[in-house]
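Next up: some structures, all given as structure tokens.
Two complexes come next, and they have one chain in common, chain A, joined by chain B in the first and chain C in the second.
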Partner chain A sequence: MSYNFNFSVIWRQFDVILEALALGLVLAAISLVVGTLIGLVCGYAFRTNSRVLKGLVWTYVEFIRNVPLLLLIFFCYFGLPAIGIRVFDKYESFVITLSVYAGAYLTEVFRAGLTSVPERYVEAARAIGLKPWQTQLYVVLPLTFRIVLPSLSNNFISLFKDTSLAAAIAIPELTFTARQINANTFRVMEAWLTASLLYLAVCYLIAIVLRRVEKRYSVIK
Partner chain B sequence: MTDDSNRTTDEETATSRRNLFAGALGTAVVAGAMLGAGKAEARVDSSKSKLQEVLSRGVLRVGTGSTNPPWHFEDDSGKLVGMDIDMARLIAKSLFDDETKVEFVIQGSDARIPSLITDKVDVICQWMTVTAGRAQQVDFTVPYYREGVGVLVMADNSKYKKFDDLLKAGNGITVGAMQNVFIEDWIHKGLPEAKVDQFESPDATLQALNAGRVDAYLGDQSAIRWLMNQFPGRYADSGYGWLPNSYASAVRPGDPIWLNWVNTVYKEAMMGVDFDTMKASYKKWFGIDLPTPKVGFPTEFQ
Partner chain C sequence: MERTFLGEFLKARERLFEGFLTTIEISSLVIVIGLAAGVIGGLLLVYGPKPVRFLMRVYVDVLRGIPILVLILFSYYGLALIGLNISAFTAGVVALAGFCSAHMSETFRGAIDSIPAGQTEAAKAIGLTFRQRFVYVLLPQAARRIVPPAINTAVEMVKGTTLLSVIGVLEILLATQQAIARNYMVIEFYATAMAFYFVLNFSLSRVGAYFERRFGFIKY
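Now for the complex of A and B:
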């Protein structure tokens, strides 16, 4: 292949690239937090006896999990204004979409997590006189979080990678910036190579850090 | 570098004998295109030119897109049409006397240079703006259209109707545009304070205008004219245009024979024997009536 690499355009804009990377991480982190809340609420809803509630949660989870994320993003960004909802800017639209998306996956995670808290802990909590909400707050939830920690960190990594789709709605994260460099300089190989390596490095770093956290807090040592 | 190319040339001489006819034909074409560095070996081996390769393959591979009217898009029957497509067909007609012998490789804008460099296509006919940076990586043909930008707004938008309204709004407006070279600078040349949202494709940009995500759509004048024709009464031209830029085809660098040949085809379509083809295309896609080139002294050299 007769191609002469020229990375100078990358170095010249490296601060912009790092900002873009940080933006992606922030978007993923917010979505993980909101998604976790959604997941917890829906996870609990699944454990109630209400058929209506279960049906609603089931519909939500199945709908979100079976529609491509990009279409959800487009729906929130292009579709909502078309039906008269014009309150969210592009960042809010994206974070809402990604949170709702993460929520669906985390619902399943928390459902499994809540189920796998051994019954004997709940019984023990009741035996020492804890009220039901205290049992949940001091016994079940901490255990659940320790059980689902590996799933949470996997989700965070995958959410971070999903932020690349924000480029489609003009959010200047890493993929957008790489494409920007492509458009401006046509250094396509250099731009995508840099973006790929950054995604790889950051995801790997997150994985290493979170694995250590998991090791420290895991239920089974 | 010189050593390397000499070595390749020697090897190639051995293999190229099998096609003596092609070699002879190529030599005739190349007579004026020698890269003479004083040495006979440095002459371009014409049998190795893309021109010969395409002729013996019998079909031309063209890199283009399919989503940008009036340049390259699918008409109601799903057929690929547009100005770029016409240029590709013109090359095919000039090669094989058959404009259907084209294989279109549909690709995104950012694949234009890589697909040439990796030799997936013979030529790019994909509304490619000529820039010095790109010219370091590919060889551009002569341009076949001069584009400029303009600003489109929704016709029912009471706030921003004319360009001056947009200008007065300062940083209170967001202008949508397709991600392209210099796009932000370009917008700011016309609207210095406007916020800019960049999208991957013109249709996403237009959708952002429809959804009210952006207040105005910066696009090529050719596209603006096309959109207003397609959706009468829906959009309005804010009535100001700026920034000339040239659209040309591009070929893989280092093949002067092929480049020169495509140039000849384009030049004669604009000024010579194939003028009627060009005239029809301009009328069809841009609504522009081209005046017949003046007979006598070639005006392009005046």
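Now for the complex of A and C:
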């Protein structure tokens, strides 16, 4: 059998495709930021002595990490309105889900990151008379971010790949767009090759850029 | 008559059970194929001739850089196009197993690479052949290190089976959605599905954590 490639369908809609790609990146970026906040808060909660707090965070992390993302997306998008929470459109609903999902993974990251800040920095900060909140804000947090930067960039790439699941609730990102081109024009190979290559290229681009940033800010031991 | 969750659950039980079996079937197929292919792939990544190593590297990096959903849709629509008349089930398993094998290959490569060169050198010095070096020296050490990350990948794969609902494979998520379409008990049925996945994956994770502790003494 033979298949004649015809990429003209793709070129004609390339602006739509690029927009879809950008949408995925934006969704991933927002989720990363919100997830980082959740991760930080939960990371700090883990350092307290409160057993209840630790138990809650642990439950959150273990629950989210062991349940499929698609199920969480559907639960948030179809389930919450059913119990009367009707304030979210599909974008908000997706970003909330992805943020909560990212938060669970980032909690682990920040828990490890906060622990790995050497004690001597905290002692030095106290010695020069910084208040506890100043120590955290000016000493511990900047160091933590430098330490967890590689994990953050890996998480960003995973999150970008996870935005493909937004197609399941009809958010017009790259996978959804590819599926539409596939359905409307039957240019099956072209649609999926384009989508795959774009995902691949963007993931690598992000990786290359972030590796450079990591090098710039890595903690010298 | 009032609708109760229990009543609706009993009505849907056969489909849900079917979905449950399919999820288990896909997961085990994918994990077994992925693990077997991953061991071979990892070996090729480390010991293969240069061109083979290069091709494996491309395979691993390409598959890991594409979202699973795109792989599944590509395989579902694409394989049919090149004349392979296969079911959604097979297309999904092919995509997931491809993804799984790429991850397992990388894990296994990492495990082999992390064994100090001294081990191989010592094995060579006492005159072991390549096969003996691998079976008696490298594999036992690599196997211990591959268990925790491999179980992580396995959990990801169980989670990944839900994506097959998108191409119409009747696994738990699709069975749940069908039940919900009949009775509108959205929260109850999604929560049931979540509970199922949680129990399955959490047990898997615990096994992984056990092995991580068990082999935690190995430090080079």
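Definition applied: the second predicted complex is superposed on the first by the 219 of 221 C-alpha atoms of A that agree within 3 Å, B and C clash if a C-alpha of one lies under 4 Å from a C-alpha of the other, contacts with A are read in each partner's own complex, and residues count from 1 in each chain.
Note that in this section contacts are C-beta pairs under 8 Å (C-beta built on N, C-alpha and C of every residue); 3 or more make two chains touch, one makes a residue touch a chain.
Not measured: the values here are computed from a predicted model.
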* Specify the outcome, clash or fit, for chain B and chain C once both structures are aligned onto chain A. => clash
* Based on the superposed arrangement, let me know which partner A:Ala195 touches: chain B (first), chain C (second), both, or neither? => second
* Asked: Who touches more of chain A, chain B or chain C?
  -> C
* To do: Look at A:Lys90 in the shared chain and tell me whether it touches chain B only, chain C only, both, or neither; answer first, second, both or neither.
  => first
* A:Gln180 contacts which: chain B (first), chain C (second), both, neither? -> first
* Asked: Is A:Ala170 contacted by the first partner chain B, the second partner chain C, both or neither?
  -> first
* To do: Using the superposition on chain A described above, determine whether A:Ala82 touches chain B (first), chain C (second), both, or neither.
  => both
* Taking the superposition as given, does A:Tyr3 touch the first partner, chain B, the second, chain C, both, or neither? -> both
* Structure fact -> Clash list for chain C against chain B, restricted to 41-49, 59-67 or 77-85, contains only 77-85
* Which residues would you name on chain A as touching chain B in one complex and chain C in the other? -> 1, 3, 78-79, 82, 167-168, 179, 182, 188-189
* Asked: Okay, in this complex, where on chain A does chain C touch?
  -> 1, 3, 62-63, 65-72, 74-75, 78-79, 82-83, 161-162, 164-165, 167-168, 175, 178-179, 182, 188-189, 192, 195-196, 199-200, 203-204
* Structure fact -> chain A partner, complex, touching residues on chain B are 109-114, 117-118, 133-134, 137, 176, 179-183, 197-200, 204, 207-208, 210-213, 253-254
* chain C residues within the chain A interface of the complex -> 62, 65-71, 73-74, 77-78, 81-83, 155, 158-163, 165-166, 173, 177, 180, 184, 186-187, 190-191, 193-194, 197-198, 201-202, 205
* Structure fact -> chain B partner, complex, touching residues on chain A are 1-3, 77-79, 81-82, 86, 90, 167-170, 176, 179-180, 182-186, 188-189
